[in-house]
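One structure is given below, represented as structure tokens, and several questions about it will come after.
Chain naming follows the written order as A, B, C and D, and within any one chain the residues start at number 1.
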Amino acid sequence: MSKLAPLSAIDDLVRDGDMVALGGGWLANHPMAAVRQLIRSGKKDLRLVSNIGSIDVDLLVAGDCVAEVHYSMVSLEAFGFANHMRAGFESGRVKAKEIPGLAMLIGLDAAGRGIPSISYVGPFGSDLIDCNPDLKRVKCPFSDRDMIAVRAIKPDVALLHVTRCDSDGNAQWHGTVAPDVVMGKAAKRVIITCEEVVSRGEIVKTAAATGLPGYYVEAVIEVPFGAHPCSHVPRYAMDAFNIWDYSELKPGDPKLADFIARLRGESEVEYRARVLDRETAQILRTLADLGRPLAEAA
Amino acid sequence: MSKLAPLSAIDDLVRDGDMVALGGGWLANHPMAAVRQLIRSGKKDLRLVSNIGSIDVDLLVAGDCVAEVHYSMVSLEAFGFANHMRAGFESGRVKAKEIPGLAMLIGLDAAGRGIPSISYVGPFGSDLIDCNPDLKRVKCPFSDRDMIAVRAIKPDVALLHVTRCDSDGNAQWHGTVAPDVVMGKAAKRVIITCEEVVSRGEIVKTAAATGLPGYYVEAVIEVPFGAHPCSHVPRYAMDAFNIWDYSELKPGDPKLADFIARLRGESEVEYRARVLDRETAQILRTLADLGRPLAEAA
Amino acid sequence: MKVETHELMVCLIANEVRNHGVVVFGSYTPLAYSSYMLAKLTHAKDVTLIGYNAIDMSAVEMSYFGHEAAAYKCSTARMDALNEVNSIHLSHRGTVECISPAQIDGSGAFNTSIIGDPAQPKVYLPGQAGASDVAQHYERMVFYIGNHSTRTLVPKVDFVSGNRWKISATERRKHGLVPGPYKVVTNMAVMDKDDEDRPFRLVSVHPGLSVEDVVSQTGFELDTTDTIVTPDPDTVHLDLLRTRIDPRGTAKLGILGGQERRDYLRQIIEYEWQRAKDHLKLSAAA
Amino acid sequence: MKVETHELMVCLIANEVRNHGVVVFGSYTPLAYSSYMLAKLTHAKDVTLIGYNAIDMSAVEMSYFGHEAAAYKCSTARMDALNEVNSIHLSHRGTVECISPAQIDGSGAFNTSIIGDPAQPKVYLPGQAGASDVAQHYERMVFYIGNHSTRTLVPKVDFVSGNRWKISATERRKHGLVPGPYKVVTNMAVMDKDDEDRPFRLVSVHPGLSVEDVVSQTGFELDTTDTIVTPDPDTVHLDLLRTRIDPRGTAKLGILGGQERRDYLRQIIEYEWQRAKDHLKLSAAA
């Protein structure tokens, strides 16, 4: 049964108020086409789960889609803070739920494995523990060692961008996978966007590279440059100038409203036509190609 | 720093009384060359950890190397019971420690992840729970749901057989991996035997197939047909006639003493020369080649 | 066309495989394997089969030596033995599993661990592998037994390797478990149980046998109110099984015991070994 | 040959990387990355570097756009973000990590979460990612701070994102943790702490600065008994850093802030973008 769907399938598969896990990490491989589609369809009150987020989270807050963010880190890295998220937090409009990075992964792992909570030797000295109802100080039942219990984190939806996928949802990341697989196993519904839909035969030939088997997946959406402006290595590097322009938009800036309105008013195909002319696409590919280990660079 | 070693390195790396995890599952891919070496070097009182064991466990008991077996299942499958292990258990000479299969994997997982215990929604109705000091009935600290806590299982050594490995210990299984990776991460020392040592460059080219990174590994030993008489697909099928002959040896049978004495008296190279003539080796490879999906078989 | 007992059992089990979720192959159980292949080729094309560590394999021929290698040649992913197994076994993804225990009793408890007094066991059986976890969690459980008798279907198992912890749909839902049938398919009959407090129902007796034949060979109470004769298998199923899935009849190993099983196994491995030899000769000649 | 501050810091941190265990790259921190590459090329050839999800990568050039792709081209395995991260972070495999917090205090607590009253934060920082876990568990921790001042080295952090739970070797061993140093490397000095109850030691002040310069810019007590001047970096290190590892000086981003950092970043991305354009032109011409 083919799971192929258009990008607009996200309009139905994600509902207002859903807990939505966003794949990718740092400025690498966030599911940006899916993020743009959430903005286009005017989703509200999403509860985001982001392990190491950046422009994905910030843009959704800027687009007014978000009620709370569960995160271990969100920033635009060298470009600066995630200003729209910060403004949302600081005004109280968006709830901030910071959690230690491993605790988030362990909570997702628990959900995927059908375990209501998993305890670990977590950061006992951190102020993040006692203020979080999803974390609890417990003892190991055998050794009496201190542990921190993490409640299972069960997103309603995971949005993950991959390199190749077949129509059954067998998904392959060729580069950065970040928390994608653990999110995919934890979520009730998984939406895969991919650079390229390939045949089952192609996947069978390279089965070791499959990160998430199809039985976790509800929809497969082909979106070339679906991580743009983030990187999707080894296919393309991040579009730093595009991110640069975004990072100049400050909360309250009237240009921000225009920026969001423009995203809302155009399809993903129109988006690509606007921001990815032939030369830019080639440069992004070349920038990834030029990344070399030192032995070769010398 | 190259970790390449001869098979005899096992003599030092495994000590009498060690808890030894054996990779492979069913009649597939047990580390049989390593098992034979344990017998040759006359190891005593080993405490085996076997998830789904067969001739690996049985042969070590027949060779009088074993004090106890932690297992979720051990049998020679279609060939019948693991007779020597059974006789050891039934006489009280060897301690039987059966544990639910998932509990064993979770206990190994806990050790590998540095967690003293992990609880799961285990088999509450099983008599295996309350008689095992490594399992305990507990409650989820958040939901009050029943759970079963599993104490971390930390083998001293894991013996794992793989298809290809480089000299740093980056190990690739092309076929059945069974519990090998979780054992490798749990054990204090990992000994890899492999069909073939390859260059780092070969591993880099096929990095998605690497199951265990080298930093877990202490020694890399090249042993062609190292799983024989078990299968190592896709390279060779099990040697059913060899297993057949073994399965005819009953505990107390004087032929068993001869069988063990012969193993003890020959090197692994001599073993291969004796049991794997050119035709047998070719047949075993062909039997694996002839295994086909039905679409092709039709 | 006479239907052999193992064929009937394969077809009955195949009907328990539905067109969703995941089915994991455990130990070498060609009778169960054949059922899964049959379902995958017919009414359950969307079920995900996992054999060894090969995820989402196509149906393969039940060759004794070849099925493991075949699984890897036609699958889309590799399973790690931990997270993926947890995820399937504990998180409502596994749909059906077949287990062949040494003993099962009227409470639904099964024994694959020991015979005799647990403090001093007379016989050590192979162990329950994942059965104790799976029987509790899976949507559908099938126990298949090749030698239906009061020694296998017993009043009370010597040791509870595992059971269906909660059985009725209400109880299962209350404890976060997926409801589904708990069945026993034997060489004589089909039984099921859908409530903690009621006995197994004798669903059907195989052609040629009477209800009394079965009851007298069963060590626990059976509800025989609505018992029928087991219907013949679908002829398409039977034909696929015989001609494509299991031409050498490996499934029959699932109902044979002791020396009889060994003799049968010997025939199969000799045949396949010879076939490989012939193949080599042909290749050399070519 | 004048040594720039960021170069000195890179070389100081490189010395903290030993020839064993695993080092995982976190967020884009080119100053730390450059240190790891430098160590890998010189005294720590056996350390396992993990960048993004690329396990056991070779050293790569610190190209802003290219280092991520480069990591995958020269690594031997892929990391899943869960078990492997757990295994490295919690199970004594991770050896050193560098973190650049907004605040650190004399107890060793650091803050990357919020500024102001936790009940009503004035500023939300990016968050601690894995720092809270790592600082507790790793053998060696290095905090690097590009703007040494009483606003970064504070009397007491506004919020404890994480800390070195147990610090002294005795306490760490008692709690199952690997002992190892807890250091701070700044644009002015090197400090370390090896006991819960004693203040940070001022190990060295960078050339041209006095102990008093450093003490006056530090918000917590320092033990200055054995303070020396920071020795010059190894010239081999410095040469490798400049000519091969980081020819465009991306490491300097680690000590710049605000608009200055953005301007510097702009230069780097413009340069590399143009280089890609030129490369494309050349390829088209060829």
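The criterion applied here is as follows: a residue touches a chain if its C-beta (ideal position, glycine included) is under 8 Å from a C-beta of that chain, and two chains touch if they have at least 3 such contacts.
Note that the structure is a prediction, hence the values are computed from the model and not measured.
Pairs A-C and B-C differ in how many C-beta pairs touch across them, and the larger number is found at B-C. Of all chains, the one whose mean C-alpha position sits at the greatest distance from that of subunit D is C. Centre-to-centre spacing of subunit A and subunit C amounts to 41 Å, using the average Cα coordinate of each chain. Centre-to-centre, using mean CA coordinates, subunit A is 25 Å away from subunit D.
In whole angstrom, the spacing between the mean C-alpha positions of subunit C and subunit D is 56.
Residue positions of subunit D touching 2 or more other chains, listed in rising order: 72-74, 78, 82-83, 86, 89-90, 137. Contact of a single residue of subunit B with at least two other chains is seen at positions 109, 113-115, 120-121, 145, 208. Per the touch definition, subunit A reaches subunit D in the complex via residues 25-28, 51-52, 71-75, 77-82, 85-86, 89-90, 96, 98, 100-103, 105-106, 108-109, 120-128, 131, 145, 173-182, 211, 231, 233-234, 237-238, 240-241, 244, 279, 282-283, 286-295, 297-298. For subunit D in complex with subunit B, the touching residues are 21-22, 46, 48, 54-56, 72-79, 83-84, 86-87, 89-93, 137.
The residues of subunit D lying in touch with subunit A in their complex are 27-28, 37, 41, 52-53, 57-61, 63-74, 78, 80-82, 85-86, 89-90, 109, 112-113, 118, 121-133, 135-137, 159-165, 176, 244-245, 253, 261-262, 265-266, 269, 272-273, 275-277, 279-280.
Interface residues of subunit B, counted against subunit A in their complex, comprise 113-121, 134, 136, 138, 140-143, 145, 147, 149, 151, 206, 208-209. Residues 1, 109, 111-115, 166, 168, 170, 185, 200, 203-204, 207-208, 210, 212-215 of subunit B touch subunit D in their complex.
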